[in-house]
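Dropping a structure here in structure tokens format, bear with me for questions.
Labels for the chains are A, B, C and D, by order of writing; each one numbers its residues from 1.
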Amino acid sequence: MTTLTNILHAALTGSIGQHGEVAHAAAGAAPVQIAANGPWYAVLIPVFAIAAFLLCALCAAFKVKSKLPAWITVACLAASCGVSASVYAWVSSHGPAITYVFDWIHVVWGKDKGQSFVANFAFYLDTLTCLWMLFVTGLATLIALYASEYMSHDVGQGYNRFFAAFSLFVFSMACLVMADNFILLYLGWEGVGLCSYLLIGYFYKKPSAVAAAKKAFIVNRIGDLFLALGIMLCFVHFGTVEYKAVFAGVEEYIKHFEAGEFNKIPPVAQWIAYLLMGGAFGKSAQLPLYVWLPDAMEGPTPVSALIHAATMVTAGVFLIARTYPIFMISQYALHSVAWVGALTALLAATIGMAQFDIKRIMAYSTVSQLGYMFAGLGVMTSVGAAAHVFTHAFFKAMLFLSCGAVMHGFAGQLDLRKLSGVGSMPGWRIVGIAMLVGCLNLAGFPIITAGFWSKDAILGGAFANPHAQSIGWILLLTAGLTAYYTFRVYFRVFVGPQHFEPGDELHAHDDHGHDHAHAGHDHGHDGGHQSHSHDKAAASHDFHPHAPGWAINTVLAILAISAFVVILPLKLIPGELGWVGQMVEGSTARAVGHMEHAKFFGFDAHQAMMVVSSVVGLAGIAVAFVLHYAGRTSAATSRADALLPAFGPLANWAQHKWYVDEFYDFLIRKPLLVLAHLFHIIDQYLVDGLVDAAGYLPRAIGRLLRPSQSGELHGYALGMAGGVAALLLIVFLATTSW
Amino acid sequence: MIQVLQTLAQSGFPDRMHAATLSHFLLVSALMFVIGLIGFLTRRNLIIMFLCTELMFQAAGIALVAFGRYHLDFSGQTFVIFVLTVAAAEAAMALALVVLLFRRRESLNAEEWKELRG
Amino acid sequence: MEQIINPYILYGLCVLGAAGVCLALPRKGLSPQLFGGLLAGAVGGLAILFLGLKNPEHLPNIYFYIFSVVALGGALRVITHPRPVYAALYFVLTVIASAGLFLILSAEFMAFALVIVYAGAILITYLFVIMLATQSPQEDEVEVLMEYDIAAREPFASTVVGFLLLAVLTTMMFKGVGELPAPQVKDPDAILAAMPRRIESTLREEGLMPKGSTLKVDAQTGDAVVDWKHRTVTTIDGGGAPTVVSLPDDLKATNADHLGFNLLRDHPGTIEIAGVILLMAMLGAVVLSRKQVQIDEEAKMRQAHTLSGASFGPDSGTSKGGSL
Amino acid sequence: MMLFSLILAPLASAFLVALGPAAMARRTALAGTAVTFFAACAALYLFNWSAPGYQFEQSLPWLQQVGINLSVGVDSVAMMLIALTALLGPICVQSSKTAITDRVKTYYSWLLVLQAAMTGVFASRDLILFYICFEFTLAPMFVLISLYGSTNRRKAAIKFFLYTFTGSVIALAGFVYVAWFSSRLTPGIVNAADPSLLHEFPQLGKWTFDLATLEQAARLMSPAKQGWVLLALLAGFAVKVPLFPVHTWLPLAHTEAPTAGSVILAGVLLKLGTYAIYRFALPFCPVAIYEHAPLISVLCIVGILYGGLICWVQTDVKKLVAYSSVAHLGFCILGMMALNNTGISGSILYMINHGLSTGALFLLIGMIYERYHTRSMKELGGIAAKMPIWATFMVFFTMASVGLPGLNGFVSEFLCILGAFQASSAWGSPTATLPNGLPNAGLWGSAGAAHPGSTLGSLGPWFAAVAGIGMIVAAIYLLYMVGKVVWGPLVEPHGHDSHGGHGGHGESESHSVLPTDLCAREIGVLVPLAVLCVALGVYPKPALDALSGPVSDTVRVVQTARSNATIPADSVKEAAR
């Protein structure tokens, strides 16, 4: 028991209370103290990002018509990445620390605990922070490089805007991850939401992009509300929003948690986790708030890769990992997280199986994999979840970038029925290889892929947890489905007979270009060729795939290599999941408490899973091979088509995303809209009507009294005489004592 | 004639006048006033309406003089002079207006003018 | 002191009088004007009678009855006579009767001023205006009564209001009169002291004051020093020796004296204002009568209609609202 | 003299404008507002931000028989609002350069008079002076709307005037009642209530309208009396804010007012209501406020959701932003009703922030209106393609209005909601147990727990949660607007194309004057607001620190009065639970 408490001390890194009171240290272990002064240069991480933003904004202001903003961004983000590495070096040698920057929100009304609301610009640096910052800045640099070529057709138009928002995103993400309090986290949280909004709506002339951006922001706001309420509850209960102090407060409850005595933990404290969870579900696209992420693919592909696959969507995972102690002291919170994650994983996988748009398939796979991560957190294997975040970031980014390269080259074509054999076309070799690597990772190809190891950790954790067996089965099923739909894409698009039909974006920009020929030419399409004529007929005849250039290829190559390289830190360094494991164990995300390890049919769950999940993954790939590769002669058809009727309406429903969007529309948006119209009518005719009626009242009285002003002399005289008589009578009666 | 006038003038001045005697005059005054008022209210001819106002002035004058007699104070009579003045002024103005109005509508009917109707 | 007249009798009389006056007002067609007039007169008489019966020892002068009957009868006729000219003449009658009442009240100056100013000046102006503002009849037709002169307007409401006012007024009056403070009897001749030259000239005319002597006057006020108890004044002869002289009996302050002093000594500001009012009225009358009248379309049409009716059809412009 | 000069400078400029030639009117007005602005800057510099209490106090005798003086003085709350007023002055003048070309002298004089009156409201320390200034804002606004507004301007102006005037007359009744109550105090009454208060009343038993004295006196009123006074004050100020059922004048007035009028209306005039509630309702009737805070908060929340949803179905951009003010000010009052430091600080900051961001939105809409002569979202769309600078500002200020962290709106909105969240006696008192030793009942269970972050109050998490939905609704309607107007395919009104030769004469005229995108003058008008939005969002600490003194005083007043009052004590309620 005391040992666990000691570990907790190390994990919580919060032994020193906010006001200098030394928390009682458990015997035998010196508590890990949080250094008050972290490395000053941690500030540079967001500063470089915001500097990139400001410079890009300046470029926009001066209407720079070159690739300058891209190089600024790449340079600044690379610098951020370098700083992240050195911060990591500092943290690994000095332990967790807080770097204070400046005071932000201070409302102080007393000296005691809870009598001040303090949220500073200060950074909480521990290994979890470093893990996230390393891959965020690293991937951001690479993707910025990729985007410098990918967005080149917009140079001088939206190019500046793109990179400004891109840099702002990295800044926000840095605030989110490095925050030392919930409020700064909230700033980053909403900041990434804003950038996501701006970047999804990058092609703002497309109504669908605008709608998707709006949807993303609003759905995220729903989650944000829960997060905000969670923060408030946290403040009310702990009297602070700073992690250090909050974790110090949680520490007491951890003991009850370890003893399983949840009834000794105040319900208010337990509720915090549920509210924070809502925020995480929104940002990380989990049930029931996942609907925005597939639509978010309207944005440029680098955005999808960075924001909607690798980094921003893992913010929810980060939040839960960061506040893991708060989740642990809540009796059902982690169970809820696990269930929501598992169900999301399954649901998204089923939808992904039935889609034809390869980017959308990737989007649903992202939702599904995020579900995995949540399930991992929920079954108390935060290490597995973090590792999956880490590996997923690389291979999913790579998958998106590969899809983006295809889209870029084939004029926005994403339909897997209209593309085939891309990987064997000249100039597309690297894309094909990168895609294969990504697919192998995503499908969990045994042993040689990093994705296999991280997914395996989650599966093993689920089966090892005695309360999460059913979650384990769901996840296992999902793993098979994932392997199938991943390779469905690969087998149909990248191998097999060569065939392509260009996308509709050439036409699209024709449609746009009627009255704004110059603007429309460069805007509103993704990957269209400027060199091509506007003539529709000519477009389809003369179309040549536009093979990716050096920047895209370089990035894909780096990512493909790193997707394998990340196995090294996972497996070469001792401990569960090696380096990532160390990073997580040394931070607040460490899972504590002892539970009995459940067995998987008598075997150790982790070891058994290595075999079982390998088999499942390979089986998925095999099915995909049989259905979508073997004997396929054209792009549009495959053996799978013959199987479809066997599933009855299910396939159709899955293709229509189980009608969830329609359901939400019918259940929430429509009633709200009706309500809004109703309110508008009420406001006009009832609320304002009453006011007008009040205004009408004097007028009505006046109209009533109007005949008395007949304008006739006699009338007035009569009134006057009568009035005098009445007045005299009154005076007489009043003054006479009877 | 002289006799009659002397009899009239010798109605006790400067002796006191009894309140009961005073009330006779006041009753006449009130009656005359009310008759004037009713005339003002019922007649439509502008000139007669003005005559009725003069009747009311007259009634007021009687009351003033009667009270002055009762109190042996001449301010009552002085006020009648002022009433007379006002009546004269009013007559001048009012009649000028009546002529003006008559020229405009060819009628003395007070009901012809209803411009103040609300 | 009790009520001078029983209020119930008073109210009863008021109701009856109202009915009378109401009936007496002119109406279209057959109207019991005469009956109404008689009833009203009877009620007025009854009222005065009751007043007299209640206090038989304080009856007014007999002429009071004559004048008040004439005045009220004239007043009633003013408001009931359909012809403006007659109404004006009846008003003259009322004025003259009022002047008689003034005489009874020892206001000789005001009585004659009333006759001169009212009956003599104002009423003549009225008559002029009536003449101006009435179409004179053609030679071959009877005089036209205007529609608005024939019928009274809302006689009932007006009489009710009027007599309600009367009831209240008289109730209050008779109640209040009884509570009036008893008047202070002053020597009416006291103001003579302020007229030393008049005393002096009277004494000289009577020969009571030798030549060379002067009347003793108060140094500050300039009033004569009069001993009203004995009606004596002191004269000072050339040598400075005082002589007490009694005033002659016929040296009395007249009504005009009193009035003049009251007016000019007690109300000097008011009389100035009255003058200004008269001036203004004069100016106003001049301005108004010089004004060019814009005859509106309606009136023009009506005039044209009237003129044409007068020349082409004897009936159309005549009495029963043909011109309306 | 500082404050008088801030009031008199615009007034004097108004006379100069009125007397000078029409051609010079705008420049004179600009100079006048600029002078005022620099004077306000000087005042900001001279103001001692760390000291609580009133500064720059000055009093000139006026009607001393009834205790009315021309006394002025500001604390940090008023100082900030005066600074906001002074800032918006030149901005409004500059933004009207091309919009107002007719009867310029009248326009600018009234604008300046309005500024003087608004400054007077914030500066006055005398109830009657306050009331006069408060009412005197109506006349200029009436003129601005009824002469320079759009089609339905007369109705809007009359409604605006009568509605707010009716309310404030009732508020005057409340004021006079308080003064009357104060004039009837005797040493005996004061002694019976609180002997320590005796020295607060130097002139006991005399009429006075001095705010400091009346604040002390009003607290001696019984809760029932305070309730009536509160009702009277709210009748005046809730209309001005405007709170939910009495808000209908606002959309109309905003829609019809000229751009500068809308900016002033949203930026400062609405704040008169919230400021007055803070300045008068809270100190005058603390117990009543405490008792009725839930009711008022419910109205706020209804306003937030109802106003927000109505925004969503508007087609007129300006009306949308106008209704959004109803929702936003709901947050502001909600925070104030929390009656704790976070809530009230947030509320006051909200006044400033709303003035900046919504004022800027109205400016932006005005700029579009000048170019297209329409505000209908059906006729406008995708303006970003044509006017990128405008679109950038639009998105920026929309985000400030949505309450994006890092911009000003967030700090205040979050503090308001947090204040409401904390302020519940159901959390239990900050001390862990009750005097009788019973464990303190938590909200959701029986486990004893202390909640150090909670404060005594009558709202609570449900209020915050429901109000928080307003944050979502705000995102819905504002993004809906941005999505329609800024993004999407380009839509322009008929007859409006790049040639500009044909079409209405008004359009061709505007084409000759205004470039396609914003001109330097328009950018210059927007940039200060944007800079302040960022500054207040990133570094609100100076403002919050400055507010802490006055706000703490107010909170102390309310909480002390609550604990002294004989309303059922919270502890009794809880013990009974």
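The criterion applied here is as follows: a residue touches a chain if its C-beta (ideal position, glycine included) is under 8 Å from a C-beta of that chain, and two chains touch if they have at least 3 such contacts.
Everything quoted here is computed from the prediction, not taken from an experiment.
*Asks:* Compare the CA centroid of chain A with every other chain's and tell me the farthest one.
*Replies:* Greatest centre separation from chain A goes to chain C.
*Asks:* If you average the CA atoms of chain A and of chain D, how far apart do the two points sit, in angstrom?
*Replies:* So the centre of chain A lies 36 Å away from the centre of chain D.
*Asks:* Roughly how far is chain C from chain D, centre to centre by C-alpha average, rounded to an integer in Å?
*Replies:* From the centre of chain C to the centre of chain D is 71 Å.
*Asks:* Once you find the CA centre of chain B and the CA centre of chain C, what distance in Å lies between them?
*Replies:* Using C-alpha averages as centres, the distance is 5 Å.
*Asks:* Using CA atom averages as chain centres, what separation in Å is found between chain B and chain D?
*Replies:* The computed centroid separation for chain B versus chain D comes out at 66 Å.
*Asks:* Residues of chain B that touch two or more other chains: which are they?
*Replies:* As it turns out, chain B has residues touching two or more other chains at 37, 41, 44, 110-111.
*Asks:* Can you list the residues of chain C that touch 2 or more other chains?
*Replies:* 153-154, 157-158, 161-162, 165, 169
*Asks:* So which bits of chain A are touching at least two other chains?
*Replies:* 714, 718, 721
*Asks:* When you check every pair of chains, which ones turn out to touch?
*Replies:* Applying the touch criterion to every chain pair yields A-B, A-C, A-D, B-C.
*Asks:* For chain B, which residues are in contact with chain C within the complex?
*Replies:* Contacts found on chain B: 4-5, 7-9, 11-28, 30-39, 41-45, 47-48, 50-52, 54-55, 58, 61-62, 65-66, 68-72, 74-78, 80-82, 84-93, 95-100, 102-111.
*Asks:* For a test of understanding, state which residues of chain C touch chain B in their complex under the given definition.
*Replies:* Those residues of chain C that touch chain B are 1, 4-5, 17, 21, 25, 44, 47-48, 51-52, 54-55, 58-61, 63-64, 68, 71-72, 75-76, 78-79, 84, 87-88, 91, 94-95, 98, 100-110, 113-114, 117-118, 121-122, 125-126, 129-130, 132-134, 146-149, 152-155, 157-159, 161-163, 165-166, 169-170, 173-174, 177-178, 180, 182-188, 255, 258-259, 261-263, 266-267, 270, 274, 277-278, 280-282, 284-285, 288-289, 291, 293-296, 299, 302-303, 306.
*Asks:* Could you list, by residue number, the parts of chain D that touch chain A in their complex?
*Replies:* Its residues touching chain A are 159, 162-163, 245-249, 306, 309-310, 312-314, 340-342, 345-346, 382, 384-385, 392, 395, 399, 404-406, 410-411, 414-415, 417-418, 421-422, 427, 430, 442-445, 447-449, 451-454, 461, 464-465, 468-469, 471-472, 475-476, 479-480, 483, 486-490, 538-541, 544-545, 548, 551-552, 555.
*Asks:* Residues of chain C touching chain A in their complex?
*Replies:* It comes out as residues 153-154, 157-158, 161-162, 164-165, 168-169, 171-172, 175.
*Asks:* Within their complex, state which residues of chain A touch chain C.
*Replies:* Residues 714, 718, 721-722, 724-725, 728-729, 732, 736 of chain A touch chain C in their complex.
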